[in-house]
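First chain A sits with chain B, and in the next complex the same chain sits with chain C.
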Partner chain A sequence: MTAPVPSPQPDRAPTDWKGAAMQKRIAARYSAERRFRTLGLTAIVMSAGFLAYLLISMLHDGLAGFTRTEIAMRIDFPTAPIVLDPASLRSANADAALASVNWQSLTDQAAQENLGKDSIWLAPSAWVAVRDAVKHDPSVLQKVATLNLPASAELDLAAKSDGSDEAEAAYARLDKTGLVHRAVNWSFLTASDGTDPTQVGIWGAFKGSLLTMTVTLLLSFPIGVLAALYLEEYAPRNRWTDMIEVSINNLAAVPSIIFGLLGLAVFLNTLHLPRSAALVGGLTLALMTMPVIVIAGRNAIKAVPPSIRDAALGIGASPVQVVFHHVLPLALPGIMTGTIIGMARALGETAPLLMIGMRAFIASPPGGITDPATVLPVQIFLWSDEVSKGFVEKTSAAIIVLLAFLLGMNSIAIYLRNKFERRW
Partner chain B sequence: MNAVSIFTLILGLGLIAWLSARAKAMRLASASSEAGPAAHRRPLLHSLPGFHGWYAALWVVAPAMLFMAVWANVMPALVTDRVLHDPAAATLPLDPMSRGAILSEARNVAQGGAQVAFDPRANALVEPYRAAQRLYSLGGAIVALMLAFAGGAYAFTRVRPDFRARNKVERVVMGALLTASLIAIITTVGIVASLLWESLRFFSFVNPFDFLFGTKWSPQSAALGYGSDNAFGAVPLFWGTIFIGAIIAMVVAIPLGLMSAVYLTQYAKPRARAWLKPILEVLAGVPTVVYGYFAALTIAPNMRDFAVMLGIPNASSESALAAGLVMGVMIIPFVSSMADDSIASVPQAMRDGSLAMGATTSETIRQVLVPAALPGVVGGVLLAVSRAIGETMIVVMAAGLAANLTLNPFASVTTVTTQIVQLLTGDQEFDSPKTLAAFALGLVLFVVTLLLNIVALRVVKRYREAYE
Partner chain C sequence: MKHNIVFAFSALALAASLSACQDQAGGGAAGGARDQIRAVGSSTVYPFATAVAEQFVQANAGMKSPIIESTGTGAGMKLFCAGVGAQHPDIENASRRMKKSEFEQCVANGVKEIVEIQVGVDGLAFAEAKNGPGFQLTPELIYKALAANPFGKSANTAQTWADVDPSLPKVAISVFGPPSTSGTRDSLAELILEKGCQTDPAMKELKEKDEKAYKAACTRIREDGKYVDSGENDNLIVQKLAANPNSLGIFGYSYLEENRASLKDVPLNGVEATYDNVASGKYPGARPLYIYVKKAHVPVIPGLQQYVAEFAKSWEPGGPLAKRGMVAASDAARAKSAEAAKTLPVMDGSYLK
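For the complex of A and B:
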């Protein structure tokens, strides 16, 4: 405190702030300031621009995936060489009756009659649409019906001006006859995986995702909440609880593929659970999601003020009653927010599920949690590997569905946070 | 009777026990209060009626469920044993392999997995199998229900005013809480044990030294029988991982993330910040498979064209640059939010002091805030690196499979995670060094990410202590 204050040097003139040199220096500093600020803005704009680029390119490619090109086809059922009694289609063994008909040759013949040599532009799976139309309305069997059948992937691309020259020429030719038109591809939302891009859909993968997420939620939510309650409310400070805390924090940072290796080694090779099943996928993702829920849960529980606990204890509640009657209900919105965010992450997760064999080709939706299944992100991965060009728009369309779901889940989380979050 | 119906039956019994024990406790309670405060001969109820209900329900459900779980594991062995004592089993071959095959075929038919067995000997065993299965599952169900009734009766007789039901129930609740938190330890132990165990098996085929320091990676040739010597040198993989995850991705993520954080905390108006920050966070929420698809389909071809335009030789459409760039974008929000936190925790006095001395905002940021926040930023970058090297889908879809040791960002390199996926998908022969190598790679990845995390948290923690 008593250090001698250095006296100003007598020979030094006061700084001339108005002088040209100083003005120049200040101008330089201000322009550096502006440059720096612009740099910061550029960084943000670049990041946001990348996001926009990604979303726009997905939308651009993907929206076409929700439509398909159809060819109107007159099929003369009464003269067609099929023996099928409409009455049998209303009876219990309709599926057996349907299976007895060679729909493929029927469709091929009709295509020959309608389109001549352009019949190659009908989708190879068009007969499925004929069969489904008959199944839906058996009365068409008695008349000459006009059905809208899906066109092949090449013609579909040509309709979207992205096909080969040959296909584009065929499309122009067919367009003149008025037989082709674009329609919403509802089967994209109701069908499962297939080999022909015109017939694939996401329902199978979506159902697999739902089953997997159900298993994940049922396991990770109760375990995560109970663990968070224990660690935050009851755990004594000792080596064991330190170990639990360290392992939870580490698990949250372990790469997801390691959980896949764990699932492979433990659930498949040691416990012999069914391969590719939603059960195993759900178990693996539950181990991954649980730490996220525990960490979010602890923060939410920590935010409940101690006065609430003291008041409850003061009127005679037991420690368990304090937690389950007062702390948990007050912390629940925060826990829910964390859970939804954790589930959204699990929904988009691909790598661990590849490890446990959920990348198999599965053409029908899973019936239960032990059936072979695939999930939406894995389906995207599988389609992205397909050579056929028709899969590009399907992949992007599936990505749009996935992103829409994630957006929905995150919006719910934000809504919950804003509506129920209390500042004490 | 199948497991699901017994399960629901026991739960139903539990509900009945809950209701009746609670009703009994309530009657006791009303009887004791009718007696009036003057007559203290009948003691008041120690626990609320609900706790008596839970106590009874637990006694009904827990022992029966425990028995069912044990029985489900024991029953197959008992069934097989009984089938083997059947006269139809007398003709079975003694060799355990073929005997096991016939038995499992018969089991499959008996459980409805197949219509008919190929082996006639198995077909002969189907009926005894069904009979044994019916017998034991019925027996198990009866014992489980008896246990449920016995437990319920025992608990019901204990409903008395002075019975401490609450303490008993709460002890069970505490046990459940403790068990739930132990799952985290079990998972960690499971990860370490499974990785270590399979890696040890791998290292019985391949010298760990060759694995960690070898420079030739060609597991396919090892699988084809050219010998596993020198086919599992993982250095090109490690280099590819570092090149993509720690170099290219960070070159993108650190400047963009840091500058975004600086702009958001120091320049942006609160309204703009409220909009921009969530937009940045969306980048972290996009699934990695979407990034991978985007990198492979949109970025990678552009990169190759760009490289061809520059005249760079052996430009690949699976370049390290495409994967690294997209990964860097994915990491931006991590770097940005860590930098945000650490800049925000620099004491306001330091910032005010610098501004009061006449420094401009940018000078304050560059010469005061960022140096003060540096440990936090470094910690965030380390966390981001650990995140990037463990990232799988982007590199699986956009990076190549060729194990090259190259500095050329336009060439194809492969990473640890890509190879794990590559080794474990496709034809599975679990005991080959090829599949076991995936676990050894997983172990390396686990250890490295763990170390990075520990170091990062240390750095951040030490720095926080300095200012508080």
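For the complex of A and C:
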């Protein structure tokens, strides 16, 4: 004998999908859905818009910085008052021979002959270009050469239609004679900091950034990965590891200027490392980058399925073999992502580097990690503060170089990441 | 056990890399000699110092380019006075004279032989946008508009320039100027605010009686948003003025010269901020610029003497530095400085304040 199955409550009316109240609720549901989608789309469009605005305004202002205005100048070397044996220029002490010539007066004289009173529109340091041309090809000394010399910053601005009235007039006048033309400013990519906007270049800061980033990567990557591996695979769960974990998480959120002060106190004042050097910059930024790598590395190691470890241990691998043959290769793409984020942040960092003296006028590219150097963001910061108006476009051009550097660095990392990525 | 080994290994790696760095550094700069000049200090002198550095390299083949760091005068003095040796800078660029306290700090750290050379004059320029209201100011009016407690009395309540003086336009007071860490700010206090303050004889008496109260009354600037600190970046002030035509900007004279297209100067006491007026000292906002050289470094650092000589070659009126916006000093001051650049006399510091 079984108890009768209780029937479902008979007085519950079936859902009336056509009823006015229900239709209203359905409509409200759909519109909530639509609202959320629109909001999400707006957020994407807005952030894409900001990015596009940044890129377009940078390219608009900065691309002109990669070109310069040149004036074609006829220089009659054989009759010029210089005593210079072309043979001595091919010998070892060519620089000493070159230094013995008064290139400035030579250039000034040629400018007078070619341009008359418009010679003031030649760049003040145009003679450096003359000297370099002779150094590059000593045979020009035997002939009448036509050299393309950089025009002054004012004329350059006028050519890009943003100059003073006199400069605009002079450009129109020179343009009619066909002497002036725009050319790609290769020296912007090969020269270093200077005071004349027509002569400055980004190479010194670029190399400084390269050296600093190398030091940062070499220090923070191995230390960060080893720390992550130890904490994840070996460390016993106790109060000490908890404390280390909390400290590392906190360290990742410390404002960068604090690391600058730390670098100043430890590396400069205690260890007496050289001021303004890429080495100290790299050490300071490594401190800043390491926690980011540790956190990302731990997450990546955690995401490796335990079955991989168990299988490896099961067929007799030692714990170190498990870590280095299986866990680390599988976690590497994730670690790489963390490293990209950390390095990108370090590349754009200015504040800590100001504290350790990398905010300096350095007119020659650094030869090594102990030479005084500056980095791209600091160079941008320095140029934005320059008096001369010609530096405005150079600042934007330097930003483009920084972005290109960043993109290059990230694409290498993304390529490596995809190469090592494995799915299971 | 194994855990500890891994940990010890990473610690060891860090220590090894650090000591390796130090070895390299020993050969490079910190321990031994240095083969390039290092200068620190004022952001106002920075563009002139870099220009001279460039000429120095071009004129002396084989010399390394001097490293010039823009730290601000005060911070630069601290670095300069930290001691003698390759790790300390050779030259301090200053947009004001060394203070007595700084000189004492120097001497205490063994920097006893300091050479003071005036390289030129910088005008503290007051400017407004081209379409501005056309201010006509005096140090007294500026002081009354900007002081926290004018003449040591109650807090400043002036909201518009007309509140300060009925002859001025009725626009809200809004001034963009240098922050308190800047040498330009020291000059503003010394050249303009104190002069304006001393128009009240009671303040002069106060100066003799209570220096501290005098400083507070005369040089403290109001903090209710009428005076906006604009950082060491003078270009920023120029941009802000273009965007706010009713505002007044305070910055180095060279920035005014470079931006005459968008700015106009504000006459002080009816004197316009022109080159001649600043050079002759007629314009109230003129201040001398100095470099301080460590004499003990001259025989050790190659090119230091030539670098100073290059400065002397460039500071003539119409010379390379004048083209960059520096104002040449008077003939007498230049002659004295040229002599100092040659003989490098040690200053005794007794006349410092």
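Here is the rule we go by: the second predicted complex is superposed on the first by the 359 of 424 C-alpha atoms of A that agree within 3 Å, B and C clash if a C-alpha of one lies under 4 Å from a C-alpha of the other, contacts with A are read in each partner's own complex, and residues count from 1 in each chain.
Here is the rule we use: contacts are C-beta pairs under 8 Å (C-beta built on N, C-alpha and C of every residue); 3 or more make two chains touch, one makes a residue touch a chain.
All of these numbers come straight from a predicted model, not from anything done at the bench.
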Between chain B and chain C, whom does A:Leu287 touch in the aligned arrangement: first, second, both, or neither? first
Thinking of the overlay built on chain A, is A:Arg359 touched by chain B (first), by chain C (second), by both, or by neither? both
Looking at the overlay, does A:Ala265 come into contact with chain B only (first), chain C only (second), both, or neither? first
Answer with first, second, both or neither: which of chain B and chain C does A:Val401 touch in the superposed model? neither
Chain A contact check, chain B vs chain C, more residues touched by chain B
Tell me the contact category for A:Leu147 with respect to chain B and chain C: first, second, both or neither. neither
Using the touch definition from the top, say if A:Thr370 reaches chain B (first), chain C (second), both or neither. second
Classify the contacts of A:Val128 with the two partner chains as first (chain B alone), second (chain C alone), both, or neither. second
So in the superposed three-chain picture, is A:Pro222 touching just chain B, just chain C, both, or none of them (first/second/both/neither)? both
In the overlaid three-chain picture, which partner chain does A:Ser388 touch, first (chain B) or second (chain C), both, or neither? second
Contact residues of chain A, present in both the chain B and the chain C interface: 222-223, 226-227, 229-230, 234-235, 319-320, 359, 384
Quick check on the complex: what are the chain C residues that touch chain A? 2-3, 6-7, 9-10, 13-14, 17-18, 21-22, 24-25, 27-31, 36, 38, 43, 46-47, 49-51, 53-54, 57-58, 61-62, 64-71, 87, 232-235, 254-255, 258-259, 261, 320, 323-325
Can you list the chain A residues touching chain C in their complex? 95-96, 98-99, 124-125, 128, 164, 194-196, 218-219, 222-223, 226-227, 229-230, 234-236, 271-277, 279, 283, 319-320, 357, 359-364, 368-372, 382, 384-389
Mind pulling up the chain A residues that touch chain B in the complex? 29-30, 32-33, 35-37, 39-44, 46-48, 50-51, 54, 57-58, 222-224, 226-227, 229-231, 234-235, 241, 243-244, 247-251, 253-259, 261-262, 264-266, 269, 287, 290-291, 294, 318-320, 324, 344-345, 347-351, 354-355, 359, 377-378, 380-381, 384, 392, 395-396, 399, 402-403, 406, 410
Residues of chain B defined as touching chain A within the complex: 166, 170, 173-174, 176-178, 180-185, 187-188, 190-191, 194-195, 197-198, 255-260, 262-264, 266-267, 276, 279-280, 282-283, 285-294, 296-298, 329, 332, 360-363, 365-366, 383, 386-387, 389-393, 396-397, 417, 420-421, 424-425, 430, 438-439, 442, 445-446, 449-450, 453, 457
